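In structure tokens below, several structures.
In the two complexes below, chain A is the common chain; its partner is chain B in one and chain C in the other.
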Partner chain A sequence: MQLSEKELGGVHILLIEGRFDAHTSTPATEWLEEKSASTGARIVINFSKTEFIDSVALASLVSAMKRCRQTDGDVVLCELSKPVKIIFELTRLNRAFQIYETEVDAMVGYGI
Partner chain B sequence: MLSDKLRIAVVTTFPPGTGSLNEYGFHFVNALRQKFDDVSEVLLYVDALPDGEAYPPFEPDSGIPTTIIPCWEFDALNNATRILKTARQTKPDMVLFNLQFATFGGKKISASLGLLTPALLQMWNIPTVVLLHNIMETVDLKSAGYAGNGIVERVLRCFGYIATKLLLRAELVALTIPKYVEILESKYKADNIVLAPHGSFDDTVHQPVFELPEGPMQIMTFGKFGTYKTVEPLIEAFEKLQRRPNADLELVIAGSDSPNAKGYLAGVAEQYKHVSNIRFTGYVAEEDVPIIFGEAAAVVFPYTSTTGSSGVLHQAGDYGKAVILPNIGDFAEVITEEGYTGEFFEPEDVDSLATAIANVIDNPDHRRAIGQQNFLASHGIPIAEIVDWYLLHMQTLLMQKPNRNGPPTVDRTQLA
Partner chain C sequence: MNTTTSAEDTIAQLQNQIAQLESDVDLITGELVARQDELVTLYNLAQAYSSILSEDDLINITLRQMSELLRSESSFLVLSRTSENITTHQFPHNTLDEALIMRWYASLKVHGRDVMITSDDTQFPLLGDVDAIIAAPIVMEKKIRGMVGVVNKKHGNFSAPDRKKAFAVGEQISSQLECIILHEQILAQARMQSELDLARRVQHSLLPQGVPNITGLDLAAGSTSAREVGGDFYDFVAKDQQFVFALGDVSGKGMSAALLMAMSRTTVRNLTARDATVCPLDLLETVNNSLYDDFSDVSMFATMFVGAYNTQTRKVQYANAGHSPVVYCPANGKARMLEATGVPIGVFEATLAEQEELILNAGDVLMIITDGFPEAENKKGELMGYDILFEIAEWGANPDHNASAELIYQRMELAVTNFSGDTAQTDDQTLVVIKGNAA
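Entry: the complex of A and B
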């Protein structure tokens, strides 16, 4: 798994390339934990290059989203690849997260 | 935001009750009781204990206030109306069912009538979520002791279809295995099914101890026996292993009779009283579970069929145990999907089982490798995080529907 991060207008954006699963999730999970620890953290996860996601990875996203929402922040998702989209639909977590077609839409969603 | 935190009722078996899924109910409820940000009260709709015994109350400071309400009985015919009455009196925001098909009874009629409960509650506008641990489509009814012949099996399948349709009247039906989701979605054309992983019972991650205690090497099986979990082939395999030179083994049969097979273990104990070094523990209290698993060299699953993902397998994984599993298509597929592994044997084949056990107990490195993989698989997601998923689903559902007591005030940013 490869991570590319950037920050735009106070929004933390993470692009996850490759597999995001129990065996590879630690760096992304640690990144999520670090960013979501700030009050009102606004995070975008870009899944356009994510080949696979499992329930362990989903759990780390849910935890980060909960932490962010407790302080009026959020974790939103964008550009879900097909395998990622299937897992979100299977777990119905697509209804709990805000999901955008593009990274730009996600930024607009944050009012950037 | 939701104007109030949720009051959640959980229909479940719960220790010291010994019904199926009591372990899952225990760990799920304990995790739910720690969700102070989301939940204001937990109502436990549990089955009445025998002889009027009372459930021990929760310690006041151990979590969210929790009221234990024994309001149904295993094998009673009126469980659905009793639970409905309780729900109407206590007015939870959501009722979660921790279910398998025989939760409400070992008899066909009582089991079926109990499964009407979620639909009945929905009719009264009480939102329900069902966590269904097995599906009728993958249960071998004959082996599970529910169908003696083909006609009965067909009738039961028909009832199973109707029961599943009724369960799908719930707001949401959660299944723990992707394959089950696919089966129900395609067969029942349902769009309210969700995958929610089983979760690990032990949320304190610790490295397992692979060293074994002094004394005979313990081969252990754990569960409720007599229907599709039968120990006769295991005892006969154990006899074979004991005949080997320098064998120093003990067979630990941990658990009690299945509600559908009362007296089974007593009969087995009598039948095999000539076999030495077998220990029948009877019901294993929660505090003794770590000892039973911790001391075992291997955990055997003497199943002739399966009814879903195995809570016992997750427990074995929690303790880093090597497992010996039946080579049943569904079970092997399920556990592989979940990341577990083990030594496989052909169901009811004594020689195959003896060989599988020997492969584990004779090879410490192999035993450790299996245990390590199972430990990693079981610690994938603590059940406390799975509870978060359920809470998210419940909050989303409640956002979408008018509240019985007026519309909810919703602020999406607080859905955490």
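Entry: the complex of A and C
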């Protein structure tokens, strides 16, 4: 798994490349924990290059999303690759997260 | 006359020589006795080491014998298992300032593992009654983890051989401590393993032992944890015309998942025991209400499928909190995935779930599976995927095969074994197979 991060207008954006699962999730989970720890953190996760996601990775996303929402922040998702989209639909977690077609849409969603 | 004087001189010279020789013999004898004492002390130390199993005993014996071996007024030892856990020991007790010992230790660490400290060394502070010290490092796993030393020779000064002896004791106690720590680690691992075995047995006992006989249904179920304990569970509760079946998968693995699994299973069991006619949607909502805080506190969630089958109507009502995959295949038909009807337990304070229903006629197959099956890996790192699940469901629902639920279960197990080969199972694998049969 490879991570590319950037910050635009106070929004933290993370691109996850490869597999995001129990074996590889630690760096992404640590990144999510660090960013979501600040008040009102606004996070975008770009899944365009994510090949696979498992329940451990989903749990870290849910945890970060809940932490952010407690302080009026959020974790939103964009550009879901097919395997990631299927998992979010099957688990109905697509109802839990705000999901955007593109990264630009996600930024617009944050009012950027 | 001259002859007499000469003889007397010779006798006197001889007497002097004898006295000198006697003195030399006394010195040599004294030296021999001292060496013998040292040998006895070293022998005692070696004997004691061979039977010591506790760290405290090792330290106490080393301090006493080292003081005796080097004829010192006192001895001391520093042991640093971690940077926070540093202990000092002395023989006799409280003869040295602990802060001073720590300063010596800090100096020794700066100078590296092979440095010896003596009173000649101006870089090390000697305060109060301390005239001379010798200290050797205690080295474990190639790192300085302590120091052992002596203070003030009782008679005279510490010599070069004394330094060698101190260093030898340092090396000896280092290897002894490594043995003790290894022994403690092995014991701790054995204790942990035995506790895990017990936890595995307890957890196994939470799963149904066998499957119930339900009118109109043929059942098979089983669960294999990736580790000693797992986060999957399933349960069956039958009362009157209603048969409730539930399957859950706590995100994550190991002990934390196992504890939440036990809580989830118990909550489901309590609710169905209280009201056997409870509808799946209400059951999921109540489970979520009960466990939401517990799951949230540890940043985990559980997916859960609950179904209720009516033996009269053959109708299955179900609610599915984020669980996947659930595969349904009508007799002789095409398999399809039953999507979740709500978000997993522990994500929100409400599951946002809906309740769906289907009819389970004779020959129809319903498989509730945990992701350990489709996400099983082979040695190339490939995943088994979903297609094989559909193939097996369709094979089981094909009347030509006349497959029992047990046979469908076994086919799935065989598929995952064939696919994974020698690759270790990475996630818990649980499967409930329900096949409609003639009522």
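The rule is short, and it goes like this: the second predicted complex is superposed on the first by the 112 of 112 C-alpha atoms of A that agree within 3 Å, B and C clash if a C-alpha of one lies under 4 Å from a C-alpha of the other, contacts with A are read in each partner's own complex, and residues count from 1 in each chain.
In this section, a contact is a pair of C-beta atoms (placed from the backbone, for glycine too) under 8 Å apart; a residue touches a chain by one contact, two chains touch by 3 or more.
Computed from a predicted model, the values in this text were never measured in an experiment.
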Once the structures are superposed on A, label A:22 by its partner contacts, choosing first (chain B), second (chain C), both or neither. both
If we overlay the two complexes on their shared chain A, which of chain B and chain C does A:104 touch? Say first, second, both or neither. neither
Touch check for A:52: first (chain B), second (chain C), both, or neither? second
After superposition on the shared chain, which partner residues are touched by A:112: those of chain B (first), chain C (second), both, or neither? neither
Return first, second, both or neither, reflecting whether A:72 touches chain B, chain C, both chains, or no partner chain. first
If you stack the two complexes on chain A, which partner ends up touching A:63: first (chain B), second (chain C), both, or neither? both
Looking at the overlay, does A:93 come into contact with chain B only (first), chain C only (second), both, or neither? both
Contacts of chain A common to chain B and chain C in the A-superposed view 22, 55-56, 59, 62-63, 66, 90-93, 95-96
Sort out for me which residues of chain A touch chain B in the complex. 22, 55-56, 59, 62-63, 65-70, 72, 74, 90-93, 95-96
Spell out the residues on chain C that touch chain A in their complex, using ranges where they run on. 249, 251-253, 296, 299-301, 303, 320-325, 337, 339-344, 347-348, 352, 371, 375, 383, 426-427
Chain A residues within the chain C interface of the complex: 21-23, 52, 54-56, 58-60, 62-63, 66, 87, 89-93, 95-96
Partner chain A, residues of chain B touching it in the complex: 37, 172, 178, 181, 194-197, 339, 376, 380-381, 385-386, 388-389, 392-393, 396, 413-416
